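A, B, C and D are the chain letters, set down in written order, and residue numbers restart from 1 in every chain.
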């Protein structure tokens, strides 16, 4: 709102200057050019910010299709497996054996749940320790039988609960990452909605990572980031822009392998086109990965993650 | 008591018969012989029963040294490791890195605890799910670094609690057995007190299993067995005899590799001699096992457990 | 075509005896209605009136699962030799004989080769009637044999448990069957052959704490009892009553112990569906 | 003999600056007594009066651990290049520069080769002063470098964490450092080299949820804060206050998250003792 006001003010200023210009031999062109440039920049900024924030809203759209819908659509057959064999069965993580393009794959997917009741059961996609442990169990099972692992990421983050901390949720996320990155089968991860921080990357340490066009993937929620860095949760839109949490940025940073276009104005409007595109992408990646021997696969994966990061050499600089 | 009474009665009867015998030309020698034989049998029975039951009592003796004492005595150095990284740290299972004969070993030991307070903390040696999970963690750690695994068994059985069942204690025992029997390092288990059913065998699936002379190892507690089969917990002594739960029987059945003599009338009286004997045995077994390559070791272990069992061929028999 | 295609390891068919001994009608424990026995058999031993489950013998269980005529009994011709000379209120030797006579089985398990909706497999099924389905040397050996056969013929292995646990009367030898079966089970994974464990009423103690819990996929039949310690022992230990659904199939599912709870009528389809993935 | 034996990867010594800036006396937060700074340093930054812990910089931590003169700084000469052009209340680029000036460090970690009671090792120590010890591309890279050096020279790897988590200002790149470090960590196991993780105040969020939790042995310093989510976030979520010891070292030990809780004074002995086993 206040941003829009500023833009409006700038536009009016320019208009007034233009009206005054060339009259009485007055040359305001430099000032006009300056302001016009400023306006353009400001507009671009605003658009970007809106774009980022729009994507956050799209990624979280209540009608956005979730894992269950994609599995229903993409898998010829799906046999859900339950439980972590120790604590319980986490409704926020669905997983199991599936037939995909005629082959068996292990699916591990975060599940926000659609209806209100479902959402509560699945804890709005926020996994607990047992959810990550279940993911680890399914990964190891897949490895035993050499089934490729397909993960669908859609979580606001791991559940910030008392019990979760008592049950070492951080350690469980670490273990999931560690198991996944060492898994001796092809792995593909797709961010289909929210890729919320450590809770998401726990099942994202894959050979290939793809993102739906309007999904987000971030080190922290924009709200959390705004609260910490701006000390104001309402600056979430600004934080979203700063965090560069869209698929485009993720690709620019070299972290994801593909952006999957969504149909219409987003997956919630045109599910089928979106799911078909996802299907196409997953199939391609799996097919490519199956060309590699186990050790090639692991070597490639290690190399990939070894090289992620951005830094520069320190030049001789003065330090106290 | 009633057994003693019966014996007393028999003895008196024989005395009376002997007093009457040869008087007035009466020949009671056959009756006397019969009764004498009966008495002898009865006495032998009673002794055997007492022997088994005595061992049960010795194995459970409140002053019987526990894992902590043996570790203190045998290990040059011991660094306890804690926790299962998920639920908690089970005081009934102590474990960690130790130096033994100059080499690093992984020790996994059931801990009844000595003092009343300690005993409560260690739940009288009854492990919960997290205890078995901790055991699994330490086994895997040992495998990573190729440390031999040494387990000390001393438990009345796994903890029969509500939470334990909710946390799949049966499944955790199964997992422990499964991990241990597949472990790619030498493993030696010693029963030092009570080897109580599944809760004990969970850390007993070793290359070599030894038992202290007065320890017991059983599929079920004598009390539990008596309650089920005799429908009378007080028949525990009879059940103990029937179960053949002593070291001698275990050796006869081909299940353990060595009986370790205890000093004096038992480890509680002469700890040092007992511990020295244990030391000697463990050292020998470890030394022998270290001669094998990994795959030889595993093959031998599999063969050993493959062949445990006792049955006969069914002869052509009539069945309905 | 007979359901059981007997071969080399021909076992005595105990069908006749059952038919002889029992009436044409049985009473359902749940709804107390009298059910025509033939009808019950056709209905997977599920009460056609109320859906209640009747107890299944191993053989009956096999019938509910495999393709007609596909099952070949491969149970080894072995029986217990009473290694402990165990006597409680009855001598174990007698007890075994009695159970053999009553059930027509060598011990508490049948192992064979069969097909479930054309999926070939090795199937082992425990029988609770035989000394509580308890696992002693014979049951352990038969399970391992089944696993070895599966490995040899590259087949999946399915175990349907119905057992109170390890068999007390064989003492430590029974306890060791937990290790023996767990060790053999590993061979399947090494050969990438699936092991599906089906837990029915009851799957407890030494069996739940070993082979039954080591399935790649674990299925509970609705109405199963799944746990390690007995309800009464736990109640005595903790000094409080346990909820009625304690150690039920639903309880096991809720606590992450099993992958699914399945109706008896769907078990065959369920298994076929799972086998299809491997 | 100087504590830091600088070599090729010579880094600027920030000792002088500290000495200059600070008074000779500091006040203990726990007992409020004034402590002579030199005395404090000699005492592992533990208050000689009440035993309270003073905050440790990475360099100070290293001094409390390694044999005198044994440590060679191998921190790579790299710094953040602000890949996101991140600006919050301050531009990230500026923030980094400011932190570099204040700490004399390139980023939030020092990695080097040293000895603890004659046990050689690669030691990586985080510094909370540098943007909360947060892990971005540089910290991730330095950890991986340290691990690779350990593998190359067949040495144990010890990481002392003091970090609020992943660095927000590098967005997804920071998140990926969790995978990068976890992946590298595996190399140590493959070479049978131990990784000992020491958690100090604080070890939270993205660092606790990756490399720090993957130690073969995990030690918590007394007074550490160990957890994934922040206390306030959890309190808001569950709508109740958390106990004061929540996420403390003791809490972590009780819940099986760490192997032991160690006093700062004993940490050097503790590490030497553990290294001795490998």
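One rule holds in what follows: contacts are C-beta pairs under 8 Å (C-beta built on N, C-alpha and C of every residue); 3 or more make two chains touch, one makes a residue touch a chain.
A quick note: this is a predicted structure, and the numbers were derived from the prediction, not measured.
Participant: Write down the chain pair with more C-beta contact pairs when A-C is set against A-D.
Facilitator: A-D
Participant: Among all other chains, pick the one whose mean CA position is farthest from the mean CA position of chain D.
Facilitator: Computed centres place C farthest from chain D.
Participant: How many angstrom lie between the CA centroids of chain B and chain D, rounded to a whole number?
Facilitator: Going by mean C-alpha positions, chain B sits 47 Å from chain D.
Participant: What whole-number Å value describes the gap between the mean CA coordinates of chain B and chain C?
Facilitator: Inter-chain centre distance comes to 29 Å.
Participant: Going by the touch rule set out above, which residues of chain A reach two or more other chains?
Facilitator: Correct list: 85-87, 167-168, 171, 175.
Participant: On chain D, where are the residues touching two or more other chains?
Facilitator: Only 213, 255-257 qualify.
Participant: For each chain, which other chains does it touch, given as pairs?
Facilitator: A-B, A-C, A-D, B-C, B-D
Participant: Which residues of chain A touch chain B once you look at their complex with the stated criterion?
Facilitator: So the residues of chain A touching chain B come out as 85-87, 129, 133, 167-168, 171-172, 175.
Participant: Touching chain B in the complex: which residues of chain D?
Facilitator: The contact residues of chain D facing chain B are 189, 192, 194, 213, 216-217, 253-260, 273-274, 276-278.
Participant: Which of the residues in chain A come into contact with chain D in the complex?
Facilitator: Answer in residue numbers: 158-162, 164-171, 173-175, 177-178, 181-182, 197-198, 201-202, 204-205, 217-220, 224-225, 228-230, 239, 242-245, 249-250, 253, 255, 301-302, 305-306, 308-314, 317, 319-320.
Participant: In their complex, what parts of chain D are in touch with chain A?
Facilitator: 12, 14, 16-17, 77-81, 83-84, 86-89, 100-101, 104, 106, 137-138, 140-141, 144, 166-168, 170-180, 182-186, 204-206, 208-214, 226-230, 233-234, 237-238, 240, 242, 246-247, 251, 255-257
Participant: In their complex, what parts of chain A are in touch with chain C?
Facilitator: 77, 79-89, 97-99, 104, 130, 134, 141, 144-146
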